[in-house]
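In what comes next, chain A is part of two complexes: it sits with chain B in the first one and with chain C in the second one.
Right, the complex of A and B next:
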């Protein structure tokens, strides 16, 4: 089975500085591994066993991150910009997947801040999708995945080719060591430009800018510990929640 | 392209708020339901203009009907598509968006139509800011959604739609997720994080919870790293909807606050005035929890 693992395709949210009036200064934020990307690699590796695992990143992020985590062949689209329109991001991904000869499965993070990307990607590829999975196995063409749906844990299958989006359940248990990272840096990365992909990244929406939310923050209670405690209890009682 | 909105629903969560959002285009939206008869009825009760309904065969997930959903949406050619962030609904939304050539935005909280320009307001950076996006073309929006009561004026009855041949999907099994030990049903929850320094101090939290008639919950590191509790609240843990959530020594990461989205009142005690939990809280106290908790116990007894 040929598996494409997408990683490092969104800007580092930690790099964002919210200024007065709600203007966001992104500095020169880079594409970084998202919260879910380590789990993407885990699932992709399990599915690719005995087959081929290809890593794909957008922007100029360091591909060694994935090469040290089991990716054998690495591609990047260095001039891919970060886009707010999830469909436009997905269009770059879909074109790149086709450019590298397609795949049986594309695995991507179920990114909390960009939840439209995996859905739009499946739509643009015209493939079925299972979103928000935590693990998956393959048997022939059949992919079986586990995910949480409301109050149930669902085991569900779909036939390849398909898109799986993975939600991490925590931080990475065992990040690769220094040796693995050093070796990974020596491996080649094939760069593909947007022009080669034939993609002109046009967004279907234009930003009118950012602002602070209407309700910002809490009513702050001040005074001595005894004072704030009494005020809080009084407030909660008058709200009828205590 | 018609000036209408469509809502794609595969479960009931936030459905009323999605219908409300879609009505901003001038008339109640059509709700495409891929789910049970109860869900179709819920769409009616939510005030849908029309309900197009596909009932999945037993053991088949909603995603298996992507082709049918896409064909219904394409025929109507709506200007705006809305869904919650539920996995199945999002999958259908993404496929329909691709067919319409629509832009896809997320964490949408409000929609406006001014002349021919559609404006979608979206939470960004976990709700720290709101970004407005405009478009003169079709837009698909994954909505934040909120709990709202049905409006009381029911819409039209469901119209069964052509389900077509389902895609190659199947449900192997469904197990109830590990129970929340009463947390998910509790009216009041005291949640604590790494601001609580040692395990013995959990006694303080428990005493407080007892005085408030509340259940006790915690953040992921408290459960996973410290192993002080077996369950935690958040995106990868439990989602709770208490009337009151008291967050003690909790930073308020987006992963944690995702799990308390439906809490009505949130009070937070944290020694760091910049802690993000204060952005989600109704009431905030900047103080050492070890100084405030004993006073809270006293105040509760009065």
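Right, the complex of A and C next:
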């Protein structure tokens, strides 16, 4: 089974500075691994066992991240821009998947900040999409995915090709060591340009401004432990928490 | 050996060392704890950049620097007055002598140069310990992995836990350390140029003592970046603790001071943070070499605060040059003994950095003088007030004015002379 794992295709929202005028200043933030990306690789590795695992990253993200985590073949689209338009991002991904000869499964992160990407990607590829996947196995063309829906856990069968969107259930269990990272830096990365993909991404979302949520100031309680505890209980009562 | 040289820390000292050795065709690993070089660095500061030209010709034009500093301002800040020396000189810009930098940008660029020269740059690695065998250092350990090299260069910053582990330095006494609290305030380039009276691309550096720290040893600083100001206070830890004051309160007090606030007006707070700063000067420089190991930059204690200039980055670069040259020889001879590594110390001592550390060895003690922070500012203001405050009473000659202000300050002529002499000797 040929599995494409998508990783590092968005910037870290915490790297964004919202300026007074409502402009978002990204500084020199690069594409980074999203919170779900390590789980994406876990699922992709499990599915690709005995088959082929290809890593795909967009923009200026460092591919060594995936190469140190078991990806053998790495592609990147260095000139892919970071877009607010989920469909436009997915269009780059879909073109890249086609460019590298298609796949049986594309695994991508659930990405809270960009929720439309997995579904748009599946739509553009014409494949079914399963969202909220926490683990998956493959038997022949049949994929068995476990996903969380609300407080129930579903086991879903779907035939390849399909897009699986993975949600991490925790932190990465064992990040790669220095040796793995060093070896990863020596492995080749095939770069594909947007022109080669035949994609000319257009930002379809026009932002009229961004505003930070209102912040409520923190209360500092000072005094003896007993006094602080009493003040805390009083404050919780007055705020209606207790 | 996995590498000829492993450099720990991708700041200025580490990058300069790694770049030079990699350019010389040696295999170099540059490891950095931050997710990216510069990620952990808060410094916005003035880099006296002539030394960088030796390593990276055309540095000022190629590197991401903010502004060329052509105006230096030394100020004594009092509760309701500010007495300053304003030194504006076009000659400081030709050739460029100092630039303001934001390290998050500069360090990323430096690491790119290292990579371009053939060094392997690996961010996101926290080195846990050093590998050694019978006193000969042989590499680094991070997690379960070990990597070996003929020489390890410690460029891991002011705290340098690795240098401590190697027994090269003990825990620094509080009086050698200060805490820096900094804000970066966003302002349009044109506003900065108008407000500070500088041409586009040029900038100012302010060094301020006195009320900005409420008498705590240390001072205030303000540097102009391209579209922001770096402003804050540096506070000596022992004095801060003794006076029971808080660093955040003193920072806020400084930026709100009527002598300073107008410079920041309508600016937008972009960044805020604090960092440990080495202030011990020459007294903080410890032995810097062991077989197979050298220490450079802040980790080596190479910082200088003379009151007029606060230096660290240029000294870091000079130590990197000295280290790379000594290691180059050691690699050629295949000797990594104490004597071979002492070649670095000898080269450092011969460089302007080593010589300046010696020249200004007395500066930290002079800068500890509490009168510098408490008394001289008001004295200067009172003398000037004697000349300018024309309150329809008849004027006196300069001498009685000065004498009167001196008497009122309680400083006394002898003490003034002594402090003056100490200052001349220390600086």
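Throughout what follows, the second predicted complex is superposed on the first by the 208 of 242 C-alpha atoms of A that agree within 3 Å, B and C clash if a C-alpha of one lies under 4 Å from a C-alpha of the other, contacts with A are read in each partner's own complex, and residues count from 1 in each chain.
By definition in this document, a contact is a pair of C-beta atoms (placed from the backbone, for glycine too) under 8 Å apart; a residue touches a chain by one contact, two chains touch by 3 or more.
Quick caveat, the model's predicted, so the values are computed rather than measured.
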Margin query: Looking at A:20, would you say it contacts chain B, chain C, both, or neither? Reply first, second, both or neither.
Written below: second
Next item on the list: May I ask you to decide whether A:30 touches chain B, chain C, both, or neither, giving the answer as first, second, both or neither?
Entry: second
Notebook entry, point to check: Taking the superposition as given, does A:181 touch the first partner, chain B, the second, chain C, both, or neither?
Noted result: second
Check: Is A:54 in contact with chain B, with chain C, with both, or with neither (first, second, both, neither)?
Finding: neither
Check: Given the touch rule stated above, what does A:95 touch, chain B (first), chain C (second), both, or neither?
Finding: neither
Check: Of the partners chain B and chain C, which touch A:44 in the superposed model: first, second, both, neither?
Finding: neither
Check: In this superposed model, does chain C or chain B come into contact with more residues of chain A?
Finding: B
Check: For chain A, which residues lie in the overlap of the chain B contacts and the chain C contacts?
Finding: none
Margin query: Quick check: in the complex, which residue numbers of chain C touch chain A?
Written below: 29, 31, 35-36, 104-105, 108, 120, 122, 124-125, 142-145, 147, 186, 268, 270
Note to self: Help me check something: in the complex, which residues belonging to chain A touch chain B?
What the structure shows: 13, 16, 18, 22, 24, 35, 84-88, 90, 110, 112-124, 126, 128-132, 144, 147-159, 165, 167-170, 203-214, 216-221, 225-226, 228-230, 232-233, 235-236, 239-242
Note to self: Help me check something: in the complex, which residues belonging to chain B touch chain A?
What the structure shows: 11, 13, 61, 63-64, 66, 85-88, 90-91, 93-99, 101-107, 119-120, 123-135, 137-140, 142, 167-177, 184, 188, 212, 220, 224, 235-236, 243-244, 254-255, 258, 264-268, 278-279, 281-287, 291-292, 294-296, 298-300, 302
Margin query: Per the contact definition, I'd like the list of chain A residues that touch chain C in the complex.
Written below: 17, 19-20, 27-28, 30, 32, 177-179, 181-182, 185
